[in-house]
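Structures given as structure tokens follow.
The following pair of complexes shares a single chain, subunit A, combined with subunit B in the former and subunit C in the latter.
Entry: the complex of A and B
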């Protein structure tokens, strides 16, 4: 494997993604965790971009880093919560955790090392926005419509919940 | 030239050239911000029957902004004791970096543009959303109730106005059949989209002013109620970064409006001997002037009106525009 620009970019992006994930677990303040999460989301978008799935990458940024993170920040900032989570204690627990992590690492390594994905040339990377659109509205129309109905139900449900709260607030 | 560069083999020299060009663009944008602020203050003065800056740098106050920036540079950089230190330092960076990143895909003329990606239009919208996180973070990290309210308002406003902004552009995408900004400009060679999509243009202008946090919609930094909103606690150059990102976004938004609705560097008929760069500059300046004009003319609206206007007026109008565009496109293609 030779060192190419793509490889360097991949390592940079992957490093940020993993760092974001680790920080998400280790940081103690909730808002810091969300910011770490944003970095993970952004670098995952970078990985999509390296795989030349530009539409998916941009939508990842638009939906996850933009909208969902802000909703999460809203939720965190406007609700009461303990500022700092206490670190868990207990030697046995830590040891068994270490064992489990090591076992998982070995399993994943063995699983991935000999994995052989047959590569076949595709044209998926050309104009993939157009291709996604065509697939979505020809092959997958029914799932797409069902999804939209599901989202509509969620929207109506949210409105109903919010409405109820408001009326009770007015009465009291 | 840039296209050859993008398709050439990667080497350190190419990297250097590209890096140099990016620095050049940054300097050009900083120059624009410097004189954009000055011209904004001059226009505002003219509209409010004042004189505006006229002391430093001759009769027109040409060095006023330079002096202001110098003052900000040498100002003491304060960090409140109770602030969340790492986030307080990180927030201006998160707010500014996307502002410069969005410039990468904007085509200024057919020769002067950096990246030409297939989803350029979505790229702008997606990346500019990241700035909101910076603003919310700043509001939270300052540990000040006014800045927190400002940050919350910024987030709520940007989410609600991003939707009509994107929806108003769907009409253009329907007519062009592409999300690529170059294709969109090419589609306007005969008729500009402002004439084909007048409703979309109005919705887009309103939503873009809201996205820029400028005056009728400047609730995140409403100085009469929130002191200065999310950047109350910031001073010196960190504060300058927020202002800078706001004006770089203004630059980007004026460029985007020109590219999407005013035909980019295309000329009007019979005047195509004038180079595209000048056409672009003229249209860009007109959009910039309109943005300043809006700022001087309108009073600030209330927070509840803001939300109601965004969700109950702009969004349905934008959706109706999509519907209308699709129907008309189908009817036209029948003949």
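Entry: the complex of A and C
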């Protein structure tokens, strides 16, 4: 099997993604963990590019590495945390958890490692955004509208939850 | 044709999902727990996009659904963080081990 450029790109991007995840687990400072995860999010955008999903890749960069990371950093800075997230005391509990997750991983891996679906030529890369737009506004227009209602509900709910309720007694 | 096979993408998603699961179950800072859940949602998204290209019937639908998932995840992060803020105002802690008011 000759090594193609796609393969090299995939392995580079996948390595950065897994490295970011491992750093999330091993780093001790909370802010550093979030910064490590930015690398994972960016390389997942690279994976989407390899899968000829340009629009999803751009959305991934905007929403995850932009918005959600900043929101999480604000969440860390607005709450007084111990700068170092000290590890939990139960080493035994951690070990059994690791064992359970490894078992889960092996079980899923046995199911997927020889999954072989014949590759069919696709036209996903041609005018990707246009295809998504046509599909979104014809076939999936109801879920799309429901999604906008859900975003409104989440917006109002987040404001109500996070606002200071010092006039609690006034409300009857 | 020596492209990247489908199972490579699935294994990458599996590894990221397991890292997110481990982080969500062991970390004590609630913000890190939230962000680990985001990592798990991202792993599921990789599967959606991979099957939209390499699945039995390749179509754009997988990408559309991954966009829906990203929207839900963003809303979930915002609401989760708002709950965390109000909890922090009342209990002065973001440590998940101390969030046990409903347990006793």
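In this text, the second predicted complex is superposed on the first by the 137 of 172 C-alpha atoms of A that agree within 3 Å, B and C clash if a C-alpha of one lies under 4 Å from a C-alpha of the other, contacts with A are read in each partner's own complex, and residues count from 1 in each chain.
By our rule, a residue touches a chain if its C-beta (ideal position, glycine included) is under 8 Å from a C-beta of that chain, and two chains touch if they have at least 3 such contacts.
Everything numeric here is computed off the predicted structure, so don't read it as measured data.
Asker: Determine, for the superposed arrangement built on subunit A, whether subunit B and subunit C clash or fit.
Answerer: After superposition on subunit A, subunit B vs subunit C: fit, no clash.
Asker: By the touch definition at the top of the document, which applies to A:70: first (subunit B), second (subunit C), both, or neither?
Answerer: Once the two structures are laid over each other on A, A:70 reaches subunit B alone.
Asker: Classify the contacts of A:29 with the two partner chains as first (subunit B alone), second (subunit C alone), both, or neither.
Answerer: first
Asker: Does subunit C touch more residues of subunit A than subunit B does, or is it the other way round?
Answerer: Of subunit B and subunit C, more residues of subunit A lie in contact with C.
Asker: What does the superposition give for the shortest Cα distance from subunit B to subunit C, in Å?
Answerer: 14
Asker: Which subunit A residues contact subunit B in one complex and subunit C in the other?
Answerer: On subunit A, the residues that contact subunit B in one structure and subunit C in the other are 55, 59, 67, 74, 78, 128.
Asker: For subunit A, which residues count as touching subunit C in their complex?
Answerer: Subunit A reaches subunit C through residues 1-4, 6-7, 10, 14, 17-18, 21-22, 24-25, 30, 33-34, 37, 40-41, 44, 47-48, 50-53, 55-56, 59-60, 63-64, 67-68, 71-72, 74-76, 78-81, 85-88, 94, 97-98, 101-102, 104-105, 108-109, 112-117, 119-120, 122, 124, 128, 131-132, 135-136, 140, 143, 147, 150-151, 154-155, 157-159, 161-162, 164.
Asker: Under the stated contact criterion, what part of subunit C meets subunit A in this complex?
Answerer: 1-12, 14-16, 18-23, 25-29, 31-32, 34-36, 38-39, 42, 45-46, 49-50, 52-56, 58, 60-61, 63-64, 66-68, 70-79, 81-86, 88-89, 92, 94, 97
Asker: Would you tell me which residues of subunit B are touching subunit A in their complex?
Answerer: Result: residues 10, 84, 86-87, 90, 94, 117-119, 122-123, 125-127, 129-130, 132-133, 136-137, 140, 148, 152, 155-156, 158-159, 162, 179 of subunit B touch subunit A.
Asker: So in the complex, the part of subunit A that touches subunit B is made up of which residues?
Answerer: 5, 29, 31-32, 35, 38, 42, 54-55, 58-59, 61-62, 65-67, 69-70, 73-74, 77-78, 127-129
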